[in-house]
Structures are given as structure tokens and as C-alpha cells.
Amino acid sequence: MRNDSREPNQLRPVSITTNVNKHAEGSVLIEVGDTKVICTASIEERVPPFMKGQGKGWINAEYSMLPRATHSRNQRESARGKLTGRTMEIQRLIGRALRSVVDLSALGERTITLDCDVIQADGGTRTTSITGAFVALALAVHHISKTVSFNKYPIRDFLASVSVGVIQERALLDLNYEEDSKAKVDMNVVMTGQGKFVEVQGTGEDAPFSREELNELLALGEAGIAELIEKQREVLGEVAARIGVK
Amino acid sequence: MRNDSREPNQLRPVSITTNVNKHAEGSVLIEVGDTKVICTASIEERVPPFMKGQGKGWINAEYSMLPRATHSRNQRESARGKLTGRTMEIQRLIGRALRSVVDLSALGERTITLDCDVIQADGGTRTTSITGAFVALALAVHHISKTVSFNKYPIRDFLASVSVGVIQERALLDLNYEEDSKAKVDMNVVMTGQGKFVEVQGTGEDAPFSREELNELLALGEAGIAELIEKQREVLGEVAARIGVK
Amino acid sequence: MRNDSREPNQLRPVSITTNVNKHAEGSVLIEVGDTKVICTASIEERVPPFMKGQGKGWINAEYSMLPRATHSRNQRESARGKLTGRTMEIQRLIGRALRSVVDLSALGERTITLDCDVIQADGGTRTTSITGAFVALALAVHHISKTVSFNKYPIRDFLASVSVGVIQERALLDLNYEEDSKAKVDMNVVMTGQGKFVEVQGTGEDAPFSREELNELLALGEAGIAELIEKQREVLGEVAARIGVK
Amino acid sequence: MRNDSREPNQLRPVSITTNVNKHAEGSVLIEVGDTKVICTASIEERVPPFMKGQGKGWINAEYSMLPRATHSRNQRESARGKLTGRTMEIQRLIGRALRSVVDLSALGERTITLDCDVIQADGGTRTTSITGAFVALALAVHHISKTVSFNKYPIRDFLASVSVGVIQERALLDLNYEEDSKAKVDMNVVMTGQGKFVEVQGTGEDAPFSREELNELLALGEAGIAELIEKQREVLGEVAARIGVK
Amino acid sequence: MRNDSREPNQLRPVSITTNVNKHAEGSVLIEVGDTKVICTASIEERVPPFMKGQGKGWINAEYSMLPRATHSRNQRESARGKLTGRTMEIQRLIGRALRSVVDLSALGERTITLDCDVIQADGGTRTTSITGAFVALALAVHHISKTVSFNKYPIRDFLASVSVGVIQERALLDLNYEEDSKAKVDMNVVMTGQGKFVEVQGTGEDAPFSREELNELLALGEAGIAELIEKQREVLGEVAARIGVK
Amino acid sequence: MRNDSREPNQLRPVSITTNVNKHAEGSVLIEVGDTKVICTASIEERVPPFMKGQGKGWINAEYSMLPRATHSRNQRESARGKLTGRTMEIQRLIGRALRSVVDLSALGERTITLDCDVIQADGGTRTTSITGAFVALALAVHHISKTVSFNKYPIRDFLASVSVGVIQERALLDLNYEEDSKAKVDMNVVMTGQGKFVEVQGTGEDAPFSREELNELLALGEAGIAELIEKQREVLGEVAARIGVK
């Protein structure tokens, strides 16, 4: 039995509130259980130096946790003077995942930066950030589309992410913090609305895992992501309609 | 006429929601108009090196803005690798102000860190942070008092802060961002529940000001702070009762 | 009785020696009691990026203390790899104060950087820096005026600064280090030759202060600054004549 | 046809030279095609602060590339003043992977640091580092075993890693740099001698991938790793005998 | 008797292997006894900002040691976030020495960066780096000469370096690590093929030295460098022929 | 003819003013021509970590230039966030040179830090710093000797330094900035009161130099240093008497 009485294949309650920031071109507060992340999308009409002159856009992500998002207070990375390896790894993952469903040529020479700030953490902050950032991104692209006429809509597909893991020989969906800290195998899965994989990151630091376990985890993740994408569709309403249309 | 139709001596709508963070010993979301700040208080049972062995506690504050708290996105200080002078100045101010109403000997050898994270900015973020952080601090001290018996209650008085300024020869209370950027004189006032000054910081970079203007601004600030302290009392409920009791 | 036998409203001996540096366009050694600061003004024929294309100039200030300016040696900020919050706060204050009496449009697209290096510290280093930096600035603008014909003289007024504080219920002018470390209220005042306020920064970390105390402190500061400006006029000689002329 | 005429399931030539460093307790030069990495293992008789007092050891990894390991010269991270996100991600991966086959309790309170320095890069530097670092680690543990009698041998199993990817709809083993830069899907697999997974990191930034493709890639990786482990056994000689013995 | 049985005026065995890196325009592995350094030369068709528009080239050097090049492991400078004073001093020396034999005008507006990475250290790493870097530089200039027709060949002379020192009143050539750590006087000499001095850096931190000792050390260095330059000529083969030709 | 009409073997006017800082245990203002350096000595009753438990003391030096010490303003190293290679090289040299005449065992477990801050620069700032720092050090050791009874006096000998160089084939003593920038060979010499060498650092970046030139430069330096040490003796008065006494 899970510590919050969920079924092995049950997500925590998911809530996505849109337009929570009066300045950002797209924004959401996403809550998955007690994990709460504010995702904002900011548009700039230029691209980073390494992308210049290619007629393409860029999607960038940054991730951070408020010092007291966690059980005990963490030192701010601004005070340490540098990002931790964990933060860098997570924001590289978020950016890469989002870019996989964006047609950068269709976007044109502009950058959209997704800021994922974890207000409260209870496991799954990186997967929740991806799921929330996708919605903020979709709102920002919709915002651009009000004044810019895209030849092709830049968002090719939906995208969401969830964690799965093995605890005491059982595969579980959407681990909370207490579960995460006991998991022998920990995997983050990112998938598209078409049911394809964008990222699969499985780690068995405490116990290597078999092909069977891997398959079971992927199946759980696939089902969970389908539910999350359903939720995204719902909150995006009419904005959802143009995604993936050719 | 002000851009949001307020009277010169009228505060913006103020809302203070307590216990917004499941981990922190004290927490609030304070909203003053469109300025929104999450303040959390974190208790550690030790003091910084320079305070060791004195039998006293310490109050520390940190301040930050989410990248898109502002109209256009700001680079994260963690990414720049250092704090700006503005951030340092603000967090020194918040810490100093809070310490002025705390009896550090009565607190005992523990540190309370107040994190003020601006979720959305529309002027007055430093004064709003002080007003909100005081409430989070009061909640944290109350939390300690459940298990520790203080000889003397460590919080001596209430504390709140507001900005005042001169625009087109008129003294105004609680400037929003648009007003702030047009003000010729800008002043932040921090006061106690007893109506005494803790900090007075007035700047006339664009136009030096006279003794009369200074007096008018201080009177406006005094009245505004009294209102804010009334609000603090209300949300603190029974926690307010022990503050300042000898 | 003060530890150096001064009256409550008496400044320490003030000495301002001009042209102490063979390279700088303006320079002074200012001594206020045992506090000694070298202020140099350096002219560059360009402005920082954020000021470009506005046809205006810029005044910038930097502040530092030699490691052994103080009673015990301080680590260099260059060795720590970053400026302390105190240094940032002080140099922001100096720059802001100087800009308040400069007509940046009249100055034209050039930057004057004021370096205030404390050779020996005995209280009041920030206020002494402002008073000395104003003289170095006036010399540098005079230097420019030898080759450039200003439509309007860029310096609008004199500027000086002094500290005031409350020790054992008495308001005192120009605190030395020993006094400063015992003061319950500490205030820095910056004023113009016309007797207007540019900055008022009062802090009662150890004891909040009343409106009456504030008034008494401002009166002391006002008188002290008038004396300092008299001194500035004297050392500037003919350079003083053009200041504030329209 | 591959640019170096290999079969889709063929590794590049692999060479592992042991004891290439006279100071290190374990060292190898590993060459996989034109990718060359020096891996050294350094033993310290203490553990990092977060591991103290648990009676356990620690395995740590650091990764770097010489500036001209790559086609065009890269700036040194020491000159930039910080590690890139890529480096942090890689060294976290190497450390995590190695720890998965080490019994930290059996190792005792000591730290083994694996330095992986890429002398020349041609794709697969992170997987090659893992494969080489395992051998250096095994040599270092063997070195300890000469003077320390382990109750249980601290290395539980072999460990190696390889990259796989999809280029033009074909799954390929062990991508070189040119292949890697054209791959639509890129996956790194780390496995044990028992054929279990330790890490699976698949990324389809350019094109999401299906469950079938994932399965095909894993099968290729599995076979390649078995070959690499055979090579490790060979160069370790008698040192190999104790690995995984209970 | 020396710890490796050498005569006082005898170099350690010297080996210079050219073209050890497939990417670099010039590269060597130089071994002097157990000291091993990889030197690569990288060409860029531009010069640093301070050299722009002068029609001249630039030679730059960087130096680093792998963490386990030394007897006990050293922390990486990339992890510390800054270069040590020792590294900066050495790389300034290498660059300055190489520039002394290069005609920067003849080279044209291009930069050659010499990276000296110490793979294994046993004394004399900076002098070995200079001797090796010269060969890599010569190969890189030769590489340029295949496509660019120089009016004047940019390398004016050979260049090599060796250390000398005084141990127990005896002057010794080419100190290894054990000797170096016992030396009372330590000197690094850099000379040209014409037998002129480029750098003489002698330090008697433990015991000041006389003019006679200085003379003896210089004589030893001069002879050792002549041998090293002979070795350089040999490995450079036909590339050597154009050096110093007018 | 030199630009300031000196003879080739003539020092610039030298002035050493002692006790210029009320806080430091030893301090001087040294002026050599227009080069002006404040040297302070600070005593701490502890040694750095790497010297602990050896019963020995330590001498450390730091060097810096005020931003406008030079013809055009230099950026502060504290603002850049790191020391330049030049600064590190110079402060390593000063510390090493001073330690060569101090008996660290006789000094006991204390650290003396010499801060050399260049107030105005006109060539020779590092050699002037050494000459001045020696006097500050001697004053500080004398200060200790008032309360501590040394078995052996910790300062073994005098120490001073001067620059020499070759301009248009002539060897010159004590180069000023204009000379220094035209010198083909540049050498810094540090010697003891007994006439022995502590450091010889000669550089011929623009033109390699012969053994004869080297000898001529050393002879010039030797004579100049003897004069400087005479000056040191004079200003130290009775403090000079104990130096080098066994």
C-alpha cells in the first residue's frame, strides 16, 4: 500500500492553473500532489549567438527551487555563486524535451524561455516542470500567433512527463518524495501526444534492473503521460486545437 | 489622479495568506496590489560563526525575484554567478529591520532565515517583503514557543513598511511600479507598532527635497504603516497576543 | 563628554588636499579626523551601454578600503572574488548622490568615475567619500571645461555628507569609529549647497527612534554639511565660481 | 554503409592499457577507435562530509576534455571559472554508474576518485570513460586488497557502457563523432556483467522514437557491452577473479 | 650521487613524439624522465582584441596538470573555479618565451595557442612544457606554410628550457621532483638556438646565492639547452630547415 | 640621455616614511620617483592551515594597485571577481623574497601579512613594494619583540629590490614607466644586505640577451640595492641594529 493510498498506476491529483502571471506571455501554476511549480514563458525577438542567421527560433529552459521548497532549507544557488550539477542537468532536460515538439524553423527567429520555479517540492519536480512548461509554451506560441501569421504552426505535438520507479519489487507511477527516496530504480519518461518517447532516463544506482522491469516501468509511464496530456488539452481549450495541425 | 484611481493617502488592496508552505515553520503569501511575495521562515538550531557563544539568536533575510516577476525577464542571479548590489542592499535592509523588533537574547541560540521571493512585482517589493516577513517570523517564533518555554517573548513589537514618494509635487502613499518610475523623491519607511522609526531611506536623485516634503512623506508613511500593522494583527489572530508582552 | 572632547555639534578637523595624483583628471586626499580617503576622478569619452545614444553623460563611483585601513585586517574583496553587500551599498549611494547635482545632459556623452579608496578608517568613511569625491568631480569637470565649451555648466550645486547618531540619548555630529559602534541610531545625511536633502538614511537597529530624535539629527547634519561645503568652496577656489551658475 | 565500414552491430577497435600512471593506485589508457581517455583511480582514507560516520566508502568521478581533444579547440573550464552543464551531467553519470557495482560498506571509510581525462575525442567519450574507469577502479580496489583484508570483496560485478543510435532509420552500435552528429536518436546504456541495466538514457530531441526502436537499441547495446566486459576481464587478468565473489 | 645515478651535468632521457593528436595543427608528447607533457598547437585566424588591427599575430600558452599527474591527487582548477597563481605564472612564462623567437608581423593576423597538459609530473614541468611547446609551434607554423606564402619565415630561432639547482653545495642540471624539493636554489633558464638568454628565473627562498653559484648554474643550463635543441632539430627533420632563415 | 636626466647607474629619489597607518603593527609610505606604495604589516597569532603544528611562522604578501594609480584607469580586480596573473605573480614574488631573510622558526607560530598598495605607479612597483615591505616587516617584528622574547631574532638580513634593463644597448638602473615600456630586456633583482641574490628574474621577450649583458645588469642592480639598503638602515634607526644578529 502506498503512503498516500494510491493504486500503483494512479497519478496524484493534478491541477494546472493558467495565466497566473500578469507579465509573462504564457504562465501556469501546476500542482501534482504537493509539488507546485510556477512555469512562465518569456518571448524575446532574437536568438542566442550560436543560432544566429539560421532563420530558426530557440527554446530555452531554466529551473530553480525556492530555498524552502524542500523539507529543510537549501542554500540559494545565487548565494553559492553557481548552479549545482542537478540544476544544470534538469534544465538541459526540460529545454531538450520541449524542443523535440517544436518546429524551430516555423517559430522564426525568436527565443522562448521557460522558467520553472518550484514553490513547493514533494517529488517529481522535473517531470512536473516539463508538463507545466509545455502548457506555458503553448500559451506563449498562441500569444505570438495573435500578431504573427505562421506558415506552419510551430508546436508539432503535446508533451508531458512523469516519473516511475520500483519500490519493494513493485513498479509504481508518479513517485512522491517519500517513495522516491526509497526507490531502488528511478525513471523519468517524457512522451508526446502521439505516444512516442522523447526521453527515457532510468537509473538503478541501488540495484540494477532487468529488461522486464524496464518494460513494466515504461508501460506505467505511458499510461500516466496519456492522462497528463488529457489534462493539458482540457486547460488549453481552444489553444489546443492548432497543436500538431499541418 | 493616480493611475489606479487611489487617493494620495490610500494603500493598494492588501492580502496576507498564512501557512502557504507545508515545510516552513512560518510562511505567508503577501499581496499588495499586483506585488506578490512569498515569505518563508526557516528555523535552524545554530547561529552563524560570528554570533557563536554569545547565547543569542540571529535573524537573517534573503530576497530574490523570479525572472519573470517583472515586465521584461531578468537574468537569474544564480546564472550570473553573483548577487546584484540591489539585492544585497534589500536583503540587508530586511534583516536589519526585523532584528530591530526581536530580542535576540530571548530567542536563544537559533537562527531564523526569512526568504522573500517576489513572484510578481509591481512596485514596493522591498517594503512588502518586510511587512510579509514579519508575519512569517511571528508564526515561526510561535512555532518555537510550542516546544520551548521563553522567559521573555522574543518579539518585542510589530513591524511593517511602506513606500512614499513625490510625483508632480504631490506626496503619495504606496507607489506602484508606474508611479515609482516617475517619482522625483522616493522614500521607504519602516516603523514599529509603537509608531517609532526603524528605517528611513529617502532619495532625491532626480530632485533634492526640502524639510517640508520630508515631513509630509513621513506623515503619509506613518498612517499607511498603522493600517498594515492592523492587517498583520488580524491575520496573526491569537499569535499576535504575545507580541511585545513583557 | 565625547572621547575626543568634541562638542556634540562639532565636526572633527577636516583637511582636503587637491591634486594628489599625477594621472587623474581630479583628485583629493580628504581627512576627517583619522579617516583618510583618496578620491580620484577619471574621465572616459564614452558612456556605459545602458546610457548610449541619449546624448547624456554618466557619473559612476567605486569604493574600497585597503585591507589594513581598519583596526584588524580585512580580507581583500579581490581575493574573496566578490564585493560585499556593504561595499555595493556604499558605492551605489556615492554615485547616486553625486549624480543628483550633475546635469548629465550638460556633461555630454562622457563618464566620470570617482574612486574612493579608504587609506585609514575611523568612522564616517562613506560620508567622507562623498564629500571628497564631490571635490574630485568638480576638478575633473573643470579640467574638461578647459578644452570643451559647455552650454550649461554640468555641476548644479555643491554636495557634502556627514553622519549623525544618538548615543546615550544625545544626538551627536560626525561620529568616529568608537562612537559609531556604540550608537543606538545611526544616520547618514547628504545635502546640497542650497540646503536640500539628497539622501537621508537613518537606521535604528538597536533602538527605534522617534520623530523628535529624527528632527534633532537632521538639524545637526544640516549645520555640519554647511561647514563642509564651506571647506569645499575654499579648496576649490576659482573652480567653485562656476558651480550652479546658469 | 558506415563511414568507417563497420557493421551496424560492430564496436570500433578497443584497447585498454593498464598502469599508465606511476602515481595513481589504478590507471588505464582506454582507446575506442580514435577516442582516447586516461582514467586514474586515487584512494583517500577519508570520505566526504555527507558520508561521515556511516562506516561506508564513496566513489567519485570527474571528467574533463583537453582543450584540443576536439576538432576545434575548446576553452578550458578552469579559465571560464566553472564547469559546463555537460561536464557536470557526465561526471554525475560516471560516479553513479560505478557506485552501482560497489558495495560501499565493504569498501570501508575511504574514497576512490576516478578522473577521466579525454586526450582525444571521436564520439562516445562518456561511455568510454565508464568502461575505462571501471578497470582503473578494479585495479585500485585490488591495490587496497594487498594491505587490507576485506570481509566481502567491494566490487560486486563488472560494468561497461556503450552508445547506440538511430541514423537514417537504422540502429547502430558505438557511434563515432560523425555518426553521433547525424543521429536522430541517441542512447547511452550502462550494464553489469550479469546483463542488468544500470543506466538507460535515450534522447530523441530531433525525432521522438517508438517502443520498437527502443527495444532494438537496447539489444544492440546489450551485445556491445558484453564484448566490452570480455575485454575488461582479459586486461584485468587475475584481478578479475575476485569481482562479484561473495 | 644523484638519486637516479646521473652525472651533475646530465639530462634525463628525453623523448619527443610528434603528431600525437589527430585534430591539432601541431602536437607532441614530450617525455623528460618521468615527466610527460602533451603539447598541442591550435591555429585561429584572428587575434585577441588588444592586438587587433596591427597586422600582427599572437602566441598564447595555457598550462595544466591532470589531477593525478602528481604523487597525491590535486583538485582541478575548474572545480575550484579559478587558476592558481602558480598556473598563471607558468603559462605567462611559456607564452612570453615562445613569443621571443617568433616574428609576430611575419606570422600575420592569426593566433597560435599552445596547450601544455602535464600527464605525469616528476619535476621540470614548466621547462619541459617550453621545450615541447616549441616543437608543436614549429609544426603548426609549418602547417600554415603549406597554404600561406610567408614573406619571412615567422620562427626566428630554436628555443628550449631546462631547470638547474643547487643541492648540498653542488650545482645540478635538470632536477627531478625529489631533487627539486631538496634544492636550496632553483633556477629555470630559457635560451635560443643562438645561445642567448630569453628568461632567467632564479630563486633562493631557502638560501640566497652568490654570483659564483649563479654563473655555475647558467653554464650548466646553457649546455643542457644545447642538447635539447639538438633533439628538437632531430625530431623536426625538414621542418627545422626553415627556422631562422632570413 | 634618460628622460629624467639621470645617470645610467642612478636611482630615482627615494623616500621612506614610517608609521603612516595608525592601526598596522608596521607601515611605510615608500616613494621611488613618482612610484608611491603604502606597505602595511599585520600580525596574526596563527598560521595558515598548511603550516599548522610545525612551530613555525609565515610571511604572506598581497599586492594591488588603486584603479587610477596608472595613466589610464584600470578595472578593480574585486569588480572582475579575480586576480590577474600579473598580480598573483607579483605577490608570490614579494612573499617569497621576504621569507628568504626571515627565520620562520624563530618567528614562532604567527603570520605577518604585508599589504603593498600602489597609490601611484611610474615603473618599478614590484621592486619598490619589496623594498618598502621589508621595512614594514622589520617594524612589525620589532613591535612583537616588545612583548615577546625571541631566542633568536627572526630577521636574518636586510632585503631590497630594484629593476634594471637594456634600452638602446645601454644598461640602466631603476627604470621609470616610460623607460620600462621601451626596454628590450627587463630584469628584477632582489638581494640581501650581505650582497647575495634572492631572486633574479630577467626577461628578453623583445630581444634575447647575452651573458655579458646579464653580467652588466647584475652589477648595476647590486650597486642600486646597496644604496636602497643604506636608506632602509637609516629610516629603521635602532630597529636596524638587531637585524641579522645571532
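Going in written order, the chains are labelled A, B, C, D, E and F, and every chain counts its residues from 1.
Here is the rule we use: a residue touches a chain if its C-beta (ideal position, glycine included) is under 8 Å from a C-beta of that chain, and two chains touch if they have at least 3 such contacts.
The chain list, named the UniProt way, goes like this: A, B, C, D, E, F = Ribonuclease PH.
This is a predicted model, so every value here is computed, not measured.
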Contact distance in steps, from chain D (Ribonuclease PH) to chain E (Ribonuclease PH): 1
Both-way neighbours, i.e. chains that touch chain F (Ribonuclease PH) and touch chain E (Ribonuclease PH): none
Rounded Å distance between chain B (Ribonuclease PH) and chain C (Ribonuclease PH), as computed from the means of their C-alpha atoms: 29
Inter-chain centre distance, chain B (Ribonuclease PH) versus chain F (Ribonuclease PH) - centres from mean C-alpha coordinates, in Å: 51
Chain centre separation (chain C (Ribonuclease PH), chain D (Ribonuclease PH); CA means) in Å: 60
Numbers and ranges of chain B (Ribonuclease PH) residues touching at least 2 other chains: 81-83
Contact graph of the chains (line, ring, star, complete, other): ring
Circular arrangement of chains, read from chain C (Ribonuclease PH) onward through chain F (Ribonuclease PH): C, F, E, D, A, B
Chain F (Ribonuclease PH)-facing residues of chain E (Ribonuclease PH), complex: 82-86, 88-89, 91-92, 96, 99-101, 157, 191-192, 194, 196-211, 214, 218
Residue numbers on chain A (Ribonuclease PH) that touch chain B (Ribonuclease PH), as the complex places them: 21-24, 27, 34, 38, 40, 42, 44, 62, 64, 66-73, 76-83, 87, 113, 115, 117, 119-120, 122
